[in-house]
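One chain, subunit A, links the two complexes that follow: it is found with subunit B in the first and with subunit C in the second.
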Partner chain A sequence: MSIHVNQLTKRYGNFTALDDISLSIDDGELVALLGPSGCGKTTLLRSIAGMEFADSGSILLEGRDMTFEPIRHRQVGFVFQHYALFNHMSVFENVAYGLRVKPRAQRPPEAEIRRRVHELLDLVQLDWLARRFPPQLSGGQRQRIALARALAVEPRYLLLDEPFGALDANVRKELRGWLRRLHEELHVTSLFVTHDQEEAMEVASRIVVMNHGRIEQLGTPAKIYDTPRTPFVSTFIGNVNVFRGCVRNGAFHSGSWRLPLPRTLDTLHLAEQNAYIRPHDIEILRGPAADWQVSIRHVQPMGSRYHLEAVPVADASGGPGPETESGRITIELTRQAFKALALDVGHRVGLRIHHVHWFHGAATPQQPIDIPAPA
Partner chain B sequence: MSHRKTRLPGFGLSLGITVFTLSLLVLIPLSALVTQSAELSLGGMWHALADRRVLAAFRVSFSTAFAAAFTNVLLGLVVAWVLVRYPLPFKRSLDALIDLPFALPTAVAGIVLTTLYAPNGWLGQFFTDWGIRIAFTPMGIVVALIFIGLPFVVRTVEPVLQELDRQQEEASTSLGASRWQTFYRVLLPPLVPAILTGFSLAFARGLGEYGSVIFIAGNMPMKSEIVPLLIVTKLEQYDYAGATVIALASLVVAFIMLLVVNGLQHWTRQRTGQD
Partner chain C sequence: MNSTPHRHIVARPQADETPLVRYLLSSLAMAIIGLFLILPLVAVLVEAFRDGWQTYMTAITDRYTRHAIGLTLFAALVCVPLNTLFGVAAAWCIARFEFPGRSLLTTLIDLPFSVSPVIAGLVFILIFGAQGWFDGWFAANGFPILFALPGIVLATMFVTLPFVARELIPLMQQQGAEQEEAAIMLGASPWRMLWTITLPRIKWGLLYGVILCNARAMGEFGAVSVVSGHIRGSTNTLPLHVEILYNEYQFSAAFAVATLLAGLAIVTLIAKSIVEWRQQRQWESASS
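What follows is the complex of A and B.
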């Protein structure tokens, strides 16, 4: 059951929530709408559901124009961030609701309703809670019931608005994996909104990155992480160090720092070119063979990985170091690498850059020039 | 008796104050009522109550209070809904207006309503064209009681309505429910306890209301005479025992009715898991 969104635009007064959004989702996909709060992701989801109506553009479900159809004709299952369960009904009645409100002619007999509800409660592994009321359940249980309720009417599309946003970290992690497995089992075309990039990467088969009402990039999690199309995507998905500078005479210059580029790019001259370098694309070397020299200021063990914060050390010429956003450089090492180097706060070490994304300026999205640095 | 310490301080003091004021203001006056009426024998009581005029007054009082409270539930629900859900100009002033019947001297309300709804009054004349008389009939009593009782329903339903999760309604429509189904299956059930509270408050107030009713009722014995007026009449005739017996009887009946409403409320709460 495919979803096509064509040039959707929606304004609230002066604020543009959706700016000319076009998007196609194939049958059976599990897609994440990812972006910071206020980027329009929830508005887009609610427009697809039929809870909000855009100013212009169209929405096609399975090729049929549904732009102005109300929600009850769209056959979507919607899951809310704060569950929106009916607190005065038992868990069983919550799940049965969609079946009970069907027109008499389509309403299944009572025995069939019972069978369906218990089947769904089994699916979300909460059949034992059938007679409880929502306020007596934990957040994770409530969200699973909300999902069972949405699935009861056999929707063609499942839309989830920050489904795990109100849950604590452990439950969130557990439910992510569970949602992915559920999707593998049911294959309902699903679209979920999140501001958590880790959640999007872990659950979705494709990610739509949004910012300021526009789509910044659309692709598989790996593609978006490895080849971000805009500076925003690069900084929003994972951590990144940004060095402001320019390319001249076959090297990248940032402040007094210089990073030689491969020979093939010798002739390149680019003003206002910024280098986006992931913390794990930086290698720490002991010895003079490094590109840059830094001093370690802070060590943060994160379980299997170590995060280091370093500040540039003035080079021989006494220059001010590179132009970075925070004045600090973040480096990520595996536990093994960290132990092997026997690093500690105050050590002076060299950095070797392995991979760089380049963006022209910071404001406007541009095609990056992806240059693997010399290894 | 165990002497377990509670974690809340001041239990003894606050209970003392509660019992003291409750006794002074409620329990002692009510028991005085009982002892006063004990002057009459049971037969005498029965005789005082079984009087046709007394029974008619009870019928008028209870039926008009019930009709007004019921109308107020419907009306109050709509008013509360409008106040909570729609952006209105002068909403705050409108909201303050709701409480006015509380503040207005009831006699003023009675006189104004009588003037308006009298057969040749501003509003009454249109009803006269249709052959309907409002002032000086039980209908007039109902009108006055609606005016007096409306704030009770609005003020009890409003906060609950405000607390309702709008997304529950969206969830309901996304599951295919019509507007009507969403209203009576999702919106109404959480409101029922508040509606019952508003109903019982408006009803109780309606039973006791005197000031506004005596102006508009016409006070014709057997037709539009209410119980409180009958009590006053008996007092004016120095029939103290008769007056207290009627007062006691109306107290007992009102108490039973409120008990029933409370029971109903408890039952709905339990049935919907709110307890």
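What follows is the complex of A and C.
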């Protein structure tokens, strides 16, 4: 039950919603379409479902060209952000709807419909709500009913449009894990849209990162986090410090700061380079054996970890320090590391950088590098 | 989903006005309602029974009155279903699709409200009249439109065209298309979707529009007056019949027939309040 999207393009007037999108999803995968609002992810999902038609390009389901097939030939289950439950029908009738509207020849008998609906309601653990009406349910319950309703017709593909977008944070967290377990159980090829990178990382086996109607990167959550292909991916997935500067003579220069690079990187000799450094790839050191010196301005406990904000301290020659985009450097420490260092606002500490990835200007992706600790 | 503003109005804290101002304002409102609504209604009833029960019964069971009742019912029976069909179709188009001329269509639906009914009647005279576009062709070929039943139905249709559509457009826009999309995604045919999802969701709004449409269809005077020709026992509707009786100085009979129209108005108001109440409840449950 694979999905292939070939060079799909869709415009609304001057706005390009989908710009030459190509994408392959294998049978049984659980894939996230991730991106900021207006990036085209919902348009792509609705095009695959058949609710929108692209201007050019094609959509293949299981190898068959479905670009212009009507919705009911696609065998797609769809879950809407705002549930779209039928408020004038009971929960039972909502789930039974897809079975009842089947053509007479394919419609299961009433007893079979009852059995199937109760089975699905059991699957989403809400059988006790069968007689209620949707307005009487909580948001999380409604979305689970919507999922049961979509699964009732045994779709080959499950498409979810921001399924948890309208829910409270804690319900959202609970439903994420629940969706992943459900997918492990059913193995139906699933594609879900989200703008929440944490949600995508937690649920999906692969992530498609989109921006301005294009696919920026496609890969496993770990791959996308560790080796982002573009500056956009790097900043959109997780936090990152961006240092403006250049590489020359075996070192990265940012402002008056200098970060020595491994010898193997001598080939990197480009005028303008931005260094992207994750907050947790920065180690805090007491003492002089550090790359850079900073002063801590703000300490934010975040449960198991601590976020620190620091500003550069002028070096011995009185230079202005490194140039970051925000003017500050964000550092993330584990709770133990933070306690061991006994840090507080106003302390001066040294930084050591462990991992950097580079982008020249805005595009051309490059490999990230690890900076080994000096011997 | 937008019912929160309504609730704010309902739950609004008592205004800052002094009790005296509030008392004066409500008295003024009551006085105006009494003067312009209750008093005329009472006057109709008093005048109708001035010459006794017997005269009243004679007036409303009179042959011409019965014919006028029949004609009015017939016109409503044709116009209301047709305008209901039109209203649902137009509201569906406008609320669900983007197409060139969409705002023009929305404006045109309001045209019968903004044009004087007399003008509406004259338009039909200009089209179908002896000196009109069709040069009396229909009448010459044994199918008269003016001063006959088709003219009355056409004029009534024109005047009552907006009622159902006007009621449904904002309702369907507010409800959005998601539930309908969900039905299609689940394999329903468009026809099945219309009967199981769209119509049940708009039924109270639809009924409300139908009630108003019906009240207007039965009560329309101006446009029908122009095209009907006032032929007694043939093209006289109830409102026209009231006028004729009054002009013939049969005041009690005129008011007696008028009580029928007043009764229709009261039934309409009661039905309208019930439907409004049900609709409000549905909106609240839909947006909770």
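Heads up, the rule we're going with is that the second predicted complex is superposed on the first by the 360 of 375 C-alpha atoms of A that agree within 3 Å, B and C clash if a C-alpha of one lies under 4 Å from a C-alpha of the other, contacts with A are read in each partner's own complex, and residues count from 1 in each chain.
One rule holds for everything that comes next: a residue touches a chain if its C-beta (ideal position, glycine included) is under 8 Å from a C-beta of that chain, and two chains touch if they have at least 3 such contacts.
Because the structure is a prediction, the values reported are computed rather than measured.
Student: Quick one: subunit B and subunit C on subunit A, clash or fit?
Tutor: clash
Student: Have a look at where A:V153 lands relative to subunit B and subunit C in the superposition and call it first, second, both or neither.
Tutor: Touch status of A:V153: both partners.
Student: Using the touch definition from the top, say if A:W358 reaches subunit B (first), subunit C (second), both or neither.
Tutor: neither
Student: Quick one: is A:S90 in contact with subunit B, with subunit C, with both, or with neither? Answer first, second, both or neither.
Tutor: First partner only.
Student: Where on subunit A do the contacts with subunit B and the contacts with subunit C coincide?
Tutor: Comparing the two interfaces on subunit A, one with subunit B and one with subunit C, the shared residues are 49, 51, 71-72, 76-78, 80, 82, 84-88, 97-98, 101-102, 133, 135, 146, 149-150, 152-153.
Student: Mind pulling up the subunit B residues that touch subunit A in the complex?
Tutor: Residues in contact with subunit A: 165, 167-168, 170-178, 181, 185-186, 189-190, 272-274.
Student: Considering only the defined contacts, which subunit C positions touch subunit A in the complex?
Tutor: 178-179, 181-189, 192, 196-197, 200-201, 285-286, 288
Student: Note which residues of subunit A are touching subunit C in the complex, please.
Tutor: Counting only subunit A, the residues touching subunit C are 49, 51, 71-72, 76-78, 80, 82, 84-88, 97-98, 101-102, 133, 135, 146, 149-150, 152-153.
Student: With touch defined as at the start, can you tell me which subunit A residues reach subunit B in the complex?
Tutor: Residues 49, 51, 70-72, 76-78, 80, 82, 84-90, 97-98, 101-102, 132-133, 135-136, 146, 149-150, 152-153 of subunit A touch subunit B in their complex.
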